[in-house]
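Letters A, B and C mark the chains as written, and numbering starts fresh at 1 in each.
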């Protein structure tokens, strides 16, 4: 078995193992940590689709994370206050059904991604990085100044939303929901990476001229990847907001964008399971180092610096070596 | 005379005060190898870029198989059958040899927006890819990473990818560049047979290859075609001799 | 809406703009010459502000505080250049973004560790306090006016340096062709370190100058950093002239936007709505401006070569 596949399996086992062990030992806090890691992993898998496969350095992916979060927040808020979101031209009411919320989060993120992507992909290099950041900042400041949904203070949702047949307030059950979604996303991304689209997209990242020479336009590939990427990260945002039962503009900040990038790079850019390792490492560091010192982010910074300078391939690069060609 | 596959009509391009292409008219006929030669800085690369669509001419037009392609993108022209190889190998370096060629076959087939198929296990694509690799002699290297290939092998791979496109014409920019004597000989033999699949417009500096292969030769100097003709005609053309050798020299 | 208020806000916009220019000039030089995206620039701004506050508290002298800010920021700049930054010149933008983001974390939390979370205070010097009456009866803060003057002087100084001095020539050559000037025997490493230190010093100075009218606290550099990037993207990366134009544009847009938009909306919406919609739009205005410019000039106003 290839080292990479082995590491993938180990990671999955680790997630399930930690959650189950925490459940048996009745440590709900640890289950919550595992859930957080799973959600961050989804966000990272989303970014990795555009960044790792497409080479698109988006420094504004928090916009999708935040859109997903606010989709949850707005729908649940109107449900819990029994007010409609829109009365004219047709009535839209809030909802507390998770599948519906996820659907809205995904669709809204995808639509916004079409807009941001179509405009941003007209630039490249550092300009692309900056314009994606700019769009995220627009939404960030908008959220801060819009008082209806809490503005800077954010919005609290009293009770976790509903999933048919499950008690979502039970930590292990919510973990199961998030982790299952993670596995689903990983499956789809894995298939996409090995598909016709994946072959062309990853070729475009390496050499745009070559893709044109075989008759196709990189722009369409990139835009598609960007939209899929945004939709996945949007789903993560909705899950995260539900986990904390709280949504605030911080989800849209560039710090959040940076953190999502950290998940991707810690695990290994371009590896399907990379962000899973990266998110797990990040949560581990936050928990372990945070316990040692209030200023744990200094150590996070140092580790990140070390990885960028000396272990460029992230955890997967260290353990599984150079990426094996998919044959 | 059968219709030319590729027609370049009156192409002109200036960069500021420099006229890189000055009213160039050329064509490429079925079954021929048409070599484009000229001293450094003559504007050969600029011309190729205008044919493939990477550069827009200031005036003039390009006709491919009777169709005006002057306003089409590079990708669109590639889809119509312009098979191009690059002066500096332009391949997906992290991919294996097979992946690069499958990519070409996939590009030709179209419909790249499929997300759930296993492209490297697609029997049709693999067949086309392996045929192309066999033609250029790289079939034993299919699992090698492209970045690990030698310079000559990369050239071969470029040609293989071009083959998968089932091109109606080849545009080759200095394919001999960097090849040793043996590699050049092999490529010359290969190109000789290739012309029957599709005509080749060949930019080259290697005069042995040019005189061995070319049915017609066009000479480009300071952005202008100063002569077009058979090898013999070009060899004895006074203008060409002075352009290459200076005034009053015997070859 | 009084014209005097408008004039005052315009001057504020100009002042904001020239301070942004101090940040942006360093950033655009560093990117133009070394091809490096430096997110840690905001941290150098912060270092300058803290050094100034510390020196002012120790000696009571504003002038010494400014000198301290220049020196401290330059030293911090040289230190990170020698240890981290020079390993990033050959790397791709993603690596540069991540590595300098890591530096932000280290600087911010490190400063919080040393100085705590409470803001420090830096007082304006006595000889610059108070207001002055300008033409048309506009009363304006002396300090802010002097910031505008300082900014213009720095701009003139930079233009002179780039155009007339040996190092300026090397900078211009380096922007055009890095490998070439190395081959011509110019000591690239030293040039890069000096450019980085210069950018850092400018950032530190800006931090100290602004620190006197706002507060000195951890994280103060980040909003300014983002705006500085917006400025250099608008102006065109690598162009100091572009940075100046971009900075003034951004400064005016932001300040006047915050002032005018709520008032404009008050004409059609009720007051509380007008304020919130107006402020939202004002905050977003800079980014809308940048996105708009990039769509018509994908390399900024004066960028691209």
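Note that in this section contacts are C-beta pairs under 8 Å (C-beta built on N, C-alpha and C of every residue); 3 or more make two chains touch, one makes a residue touch a chain.
Because the structure is predicted, anything quoted here is derived from the model rather than measured.
Peer 1: Show which chains lie in contact with chain A and also with chain B.
Peer 2: Touching chain A and chain B alike: no chains returned.
Peer 1: Among the chains here, which has the CA centroid at the largest distance from chain C's centroid?
Peer 2: It is B whose centre lies farthest from that of chain C.
Peer 1: Could you work out how far the Cα centre of chain A sits from that of chain B, in whole Å?
Peer 2: Taking the average C-alpha coordinate of chain A and of chain B, the gap between them is 44 Å.
Peer 1: Can you give the whole-Å distance between the Cα centres of chain B and chain C?
Peer 2: Spacing between the chain centres: roughly 50 Å.
Peer 1: Centre to centre, by mean C-alpha position, how many angstrom separate chain A and chain C?
Peer 2: The answer is 32 Å.
Peer 1: Give the list of chain A residues in touch with chain C in this complex.
Peer 2: These residues of chain A touch chain C: 51, 57, 59, 119, 122-123, 125-127, 129-131, 133-135, 137-138, 141-142, 144-147, 254, 258, 261-262, 265, 269, 295-298, 300-302, 304-305, 308-309, 312.
Peer 1: Write out the stretch or stretches of chain C touching chain A in their complex.
Peer 2: Touch residues, chain C against chain A: 31, 37, 84, 87, 93-95, 97-99, 101-106, 108-110, 112-113, 226, 229-230, 233, 237, 276, 279-280, 283-284, 287-288, 290-291, 294-295, 298-300.
Peer 1: Where on chain A is chain B touching in the complex?
Peer 2: Answer in residue numbers: 188, 191-192, 194-200, 202-203, 206-207, 209-217, 221, 224, 323, 325-327.
Peer 1: For the complex, which residues does chain B have touching chain A?
Peer 2: Those in contact with chain A are residues 73-76, 78-79, 84, 86, 90-96, 98-100, 102-104, 106-108, 110-120, 143, 145, 161, 164-165.
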